[in-house]
Amino acid sequence: MVVLELNEVTMRFGGLTAVNRVNLLLNENEILGLIGPNGAGKTTIFNMITGIYTPSAGKILFQGKEINGLKSYLLTRKGIARTFQNIRLFGELTVLDNVKIGGHVRSKGNLFGALTRLPAMAEERRIAEKARSFLAFMGLAAKEQELARNLSYGEQRRLEIARAMASDPTLLLLDEPAAGMNPQETMALMEMIRRIRDKGLTILLVEHDMKLVMGICDRVAVLDYGEKIADGTPKEIQSNQRVIAAYLGEAG
Amino acid sequence: MSKKRLSALISIGLVVVLALGALLPMAAFAAGELKIGFLGALSGNVAIYGTQSLKGMKLAVEEINAAGGVLGKKLVIVEEDDRGDKTEVANIMQKYATQDKVFAVVGDPTTGATKVAAPIAQQNKIILISPGSTAPGVVEIGDYIFRDTLLDSVGAPAIAKYAIQTKKWKRFALITSINNDFSVGLSKLFEAGIKKYGGQVVIKESVSDGDTDFSAQITKIKAAKPDAIVFSAYYTEGALIMKEAQKQGLKVPMVGGDGLTAPPYIEIGGKAVEGSIFYNGFSPEQPTANTRKFLDAFAKKYNGEVAELFAAQGYDAVKIIAAALKKAGTTDPKAFRDAVAATKEFPGASGTITFLSNREPLKSPVYLLTVKNGEFGLLAKVPVKE
Amino acid sequence: MINAYYLQVLTIMGINVIMALGLNLITGVTGQLSLGHAAFMSIGAYAAAILTLNYGAPFWLALLFGALVAAFFGVLLGFPTLRLSGDYLAIATMGFGEITRVILLNLDIAGRALGISGIPHSSNFSTVWILAVLSIVTMVFVGNSRLGRAFLAIREDEIAAEAMGVNSTYYKIQAFALGSFFAGLGGGLYAHYITYLNPSDFGFMKSIEILNMVVLGGMGSIPGTILGAGVLTAVPEVLRAVREYRMLFYGGLLVFMMIFKPNGLLGGVHFSTIRNWLIRIFKGSAGSPAGGSRGGTGAGEDAKTRVQEG
Amino acid sequence: MFLQQLINGVTLGSTYALIALGYTMVYGIILLINFAHGEIYMVGSFIALILVVSYKVNIVAAFFAAMLGCMILGVLMERIAYRPLRHKNSNRLSALISAIGVSIFLSNLVLMLRGPQTTRFPDVIEYQFYSIGPAQISNLQILIIVISAALMLGLQYIVMRTKVGKAMRATSMDMQTAYLMGINVNRIVAITFAIGSSLGAAAGVLVGIYFNAVSPLMGTMAGMKAFTAAVLGGIGSIPGAMLGGVLLGVAEVLGVAYLSSSYRDAIAFGILIIILLIKPSGILGQRALKKV
C-alpha cells in the first residue's frame, strides 16, 4: 500500500524554483532515504509534506488523500510526525513532558478535565506510562526528569524521535537524525530506526551520512537542483552515473 | 546548593524582611502632637495639585504652631505620595486611619481620589477636607466629608452670564477634555449656563489632556463661526488650543473655569490668550487682605513663588480645621465634626468660606478675570448667596 | 497585630495575585506577551460594578459576570490577533488597551471621565483570598494537565508544538480567555473593594505593573508569580523610598531582570519543587541518591519517588 | 475645509513619520521594537528647550546639539539594556520587555527632574502663512514636511548607498553570517541606534517648535502613534515609515473632522490592529518566510 505520494510537486520562492516537478512514492513499512547535495531541495520537500510550506504546484497524497496546504497540527492528527534538522525541543521542559506533548493528539483532556481532577488522573497516568515506554524505547528512561536542553546532542536527537513517535504516526519523517552524532551513536541510531520500522512505521529519511543511508534504507531517492535524478535501491544508486556526477560535481 | 534554591531562599528572606518591616511601629508617637494627614500626588501626572496643596498646608501648620499650636498641642502633617493611583489612595488613607491615627485629612485635590478616600475616612470618623474636588458626589459620601473649593455650579453660570450679557457673545464652541473628570462635569454646567442666558452652543468638540495637536478641531470650529471658545479643562491644553486658533487665524477669545487661571496659561499662550475670561475663587492679582497676607507668607517661605489656587485651598483647609478644633475644645470626633460643619464666613486665603448644611462650601465672592497685556486682571466680583 | 491597614494591604495583594496569575498564564506559560492586561481588568471591573449598581445583582454573580465578559473579550481579541506572533501581538494588545480606555471614556453607562462611584464595598479579605486560593489551585491543575502542556509547548517552540499536533491558535485563544477571566475576576474584586472606577486607573502603566509582578517572580512559575505580586504590593508600603521612585524602580527592574535574571526570582520553580525541598529539609539530606548534580527538579523527583515508596 | 484638514493631517503625519523613521530603522536591523524611542524624542525636545531657554543658544545649534545628545543616549541605551541580551541569545520577548523598562525609566526620570507640567517652547521662528485656495499653510508646516522628507531621503541614501548601510543590511539579514563575514555587528547596531536616536531628537525639536509645548509625558503617546505609522507603512521600510506616518496623520485628522474627536486615539489604534490583521507586513513591507 502506498502511504505517501508526491505527484509533480513544485515549490517556487519568488523567482527561484527550489523543487521542480518531483514525483515520489513511499510504500508501507518502507524506509526511503532522500539524499542530495546541499540546497538540492530536501528540506523544502520535508517542509511541504509537513505543512510548513504549501506547494506551488502538484499534489501531495497521504494514504490516498490530498494534504496540500493542511496545517501541520492537522497532519500530525492524520498520522505524520517529524523531527527537525536544527533540533526543536521544548528546552525548558523535562524530557518526560516533551514526550507527553508528543502524545497530544492521542490523548484527551481540556479545561474541564484539568479542573475536575478525577477522570483526568487516570488519563494522565496513561499518558505518562505511554511516554515512558517511548523513552525506554529510545534509551532515555533514566533522563526523564532532566530538562531537555541539558541533554547531550545525541540524546536530544533521540528525544526528538521519541517525541515524534509518541503521536503514534503512520509516517515518520526524520530530518538528518544523525547530524552531529559520533560513529557509535550513529550505529545505535541505525539500530533504533530499524526497530521503529519493525513496529510497522513507514519512514522518510533525509540524511547526509551515506553509511547510515546505505545501511538502512530500502530505497533511496536523489535530488539535485530541485529535481529528482535517481530513485532505486542503495546498490543501484551507488552505481548511478548521474548521482556520482552530481556529488563529484559538488566536490569539485 | 543549587542556584535555584539559593534564589528561592533569598526570596523567602525578602518576604520575611518585608513582613517584619511592616510590623515595626511606623513612628514613635509623640504625645504632644495632633496629626493631619495629607492626601495627594507628589509624583506622576497629577503631581501639580498635590504638591501645591501640601505647600499651602505646611505654611498653615507653621503659622499655627508658631502661635502656640491648638489645644496646647502642635500640629504635624503626615505625608505620603499617592501618585494619583487609586489603590495607593486607599492604602494611604487606611494607614492614616489605623497606623498614624490622624484626626483629620486634607486631600485629595482631585475628585476621583477623594471618592476613594472618603468612605474610609467616614468609616473611621475622620474629618476629610478636599482642597480641590469640584465634581458632584463627594460630600454625599458622608457627614465627615467636606471641601473648600469654589463649586463649578456657582462659577460656570456666572461667567456664562457675563459672556452673554456683558460681552454680547452669542455663539459658543464648547471643548471638553474627555479624560478629565473636572472637564466632563464642567462642560455640562457651561452648556446649561449658556442656554439659560440665551446663548447657543454651535459646536462641541473633544480633546484629551496631554494632546498637543488641536489643528483638526480648530479647523472645524473655525467653520462654525463662534463668538468664543468655551474650554472646561486646564490651562496647558487651553493655552495650546488658543495658540492653534491664532495660527489658523481664528480670532475669538476663550471662556473657561478656574482650571485655566494659572500663570502657565499666559506663559504658554502668550498673545493668543489675550482677552480670555474665566472665573476663580482666588485671585492673586486682586487680593483681599487675607489673600495678600497668605501670598506674602507663601512667597517668603518658598523663595518668591506665587501661590496657586490649590495651595490657597490646602492652606485654608488646615486653618479651618484648627479653628474648628479650638472652638470644639476637644478632638472628640463628633464634637470636632460639628464644629467644622458650623464653619461660617471663614476669612480664608482662597475666599470667604461657609459650609452649608449639606457640607458643600459656599465661597464668596466669585472673581471674574480676564487676560490683559499678559496679566490676569479683574473684571468683576460677583457676590454669592445661599 | 493584624489591623485594618495590614488587612487592606493583604487584600489588595490577593487581588494582585489573581490578576498576575492570569497574566502569567498568557505571558509566562504560553509565552504570548500581553501589554493590555489592565484592559481586561477594567472590563471585568466595569461589568461587575454596573451589574451590582444598576441591576442590583448579588456580588458573586457580578464577579462571575465580570470575569466572563473579560474572558469573552479575550476571545474576541484572540481570534484575529493571535495569528500575530511575538512583538506584533504585544503591540496589538497594547492598542486594544488604549482603545478600551477611550471607549470607556465615551460610554455613558461607565460614567465617562467621572467614572463609577459608590460601588458597594463587598470585597473583603476572606472573599479575596478564597478566590485567590481557588485561582492558584486552578492554575496548578491546568499546569499539570494536557492543556497546560500544550500552552508550554507553544511557549517553547510554536513550530514544534504544531508539529506535535497542537493547534496553536486554538490554545492561544484558550490561554487568552482564561488569563482574561482572571484579570476580570481581579477587576471585579478591585471594583468592589476600592468602590470607585475611572478609566485612567487602567492605563498602560497598570498593565506594566502587573507584568512586573510576573517578571520579578518568574515567568511561568506559579509560586514565583505569587511572590512577585506579594513583593510588589508590599514593598511600596514598607519602603517609602520605593514609593516615591516607584515608576523609576519599575522601569529599572524590568531591564535589570531581563539582563541578570530573565527567569525571575523563582523561574522554573513549581509547587512540587518546593514540596520536595521541604521533604528533603525535614527528612535530612543524608543518602541523597541524586547528589544534586543536576537541576533541582531532577533531585526533587527522586525524593518524591522515595516518599511514595516509603 | 477638506483641503485645510488634509494639510493639518499631512503636517501631523510628518511629525509621526519623523519619529517612525527611528523605529523602523532599529527594527529593520535587529528586529527589536525600540519602545524607548518615544522617550528619546521627548529627551531631544528637552535638550533643545533647555539650551534655547536657559543658555540662549541659537535654535539651529540647539537642534544639532539635541541630535548629538540623543545619539549618545541611544548608544548608551543600546550598550546597557540591549546588547547584554543579544549576547546572551535570550528570546526576543526579553529584549522587548527590556525596551519597555528603558522607556518607563526615562520618562519617569525626566518627570522627576522636570515635574509633569508642560513647558512652553519659545517661538523661534516667525510665522508666515501662504494661501492655497481656501486653505492656508504656514512656513513651519512646510518646514516640517520638507525636513521629514529630507531626512527620509538621507536615511535611504545611507542604508542603500554607503558601506555602513551595506553592513547594516547584511546585519539585518543574518547577524551571525554578517559577523562571520567580518562585519563588526556591535558597531553596526550601535551606529543604527545612534542614527535612529538622533532622528528621534530631530523630531522632538521640530514638534516642540511646531506645537510650542514640551512635556515629559509627550513621548509615550507619540511613540505609540509613530510605531503604528511604522507598522502601517511596513516596518523596516524607510519610505514606508514616511508613507505610514502621513497616512496615519491624515486618517486621524479626518477622523476628528468627519467622525468624532472623542474617539481620536481609538481611531489610530484601531487602524493599527486592522493593519496587523490584514497585512502585517504593512503597505511597503515584504513578508519574510519563516525558516524552519
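Some notes on this structure:
Note that the chains are named A, B, C and D in the order they appear, and that numbering of residues resets to 1 at the start of each chain.
We adopt the following convention: a residue touches a chain if its C-beta (ideal position, glycine included) is under 8 Å from a C-beta of that chain, and two chains touch if they have at least 3 such contacts.
This one's a predicted model, so the numbers in the text were calculated from it and none came from an experiment.
Chain centre most remote from that of chain D: A (centre = mean of CA atoms). The chain closest to the protein's centre is C, with centres computed as averages of CA atoms. Between chain A and chain C, the centres computed from C-alpha atoms are 38 Å apart.
Centre-to-centre separation between chain C and chain D, using Cα means, comes to 32 Å. As a whole-number value, the distance joining the C-alpha centres of chain B and chain C reads 36 Å. The centroid of the Cα atoms in chain A and the matching centroid in chain B are 70 Å apart.
Residues of chain D found to touch two or more other chains are 111-112, 262, 264-265, 290, 292.
The multi-chain contact residues of chain B, meaning those touching 2 or more other chains, are 43-44, 178. Residue positions of chain C touching 2 or more other chains: 105-106, 159, 247, 268, 295.
Only residues 43-48, 51, 178, 205-208, 210, 212-213, 215-217, 219-220, 223, 236, 239-240, 243, 247-249, 264, 267-268, 270 of chain B touch chain D when the two sit together in their complex. Note for the complex: chain A touches chain C at residues 50-52, 71-73, 76-77, 81-82, 84, 88-94, 97, 100-102, 104-105, 107-111, 113-115, 117, 120, 123-124, 127, 145-147, 150, 163-164, 167.
Of all residues in chain B, only 2, 4-5, 7-8, 10-11, 14-15, 18-19, 21-23, 42-44, 80-81, 83-88, 90-91, 94-95, 97-99, 111-112, 115-116, 119, 135, 137, 141, 177-181, 183-185 touch chain C in the complex they form.
Residues 1, 4-5, 8-9, 11-12, 111-112, 115-118, 120, 123, 127, 129, 136, 138, 207, 211-213, 215, 217-218, 221, 252-254, 256-257, 260-262, 264-265 of chain D are the ones that touch chain B when the two sit in their complex. Against chain C, in their complex, chain D makes its touches with residues 32-33, 80-81, 84-85, 88, 90, 92-98, 100-106, 108-109, 111-112, 220, 224, 227-228, 231, 262-266, 269-270, 272-273, 276-277, 280, 290, 292.
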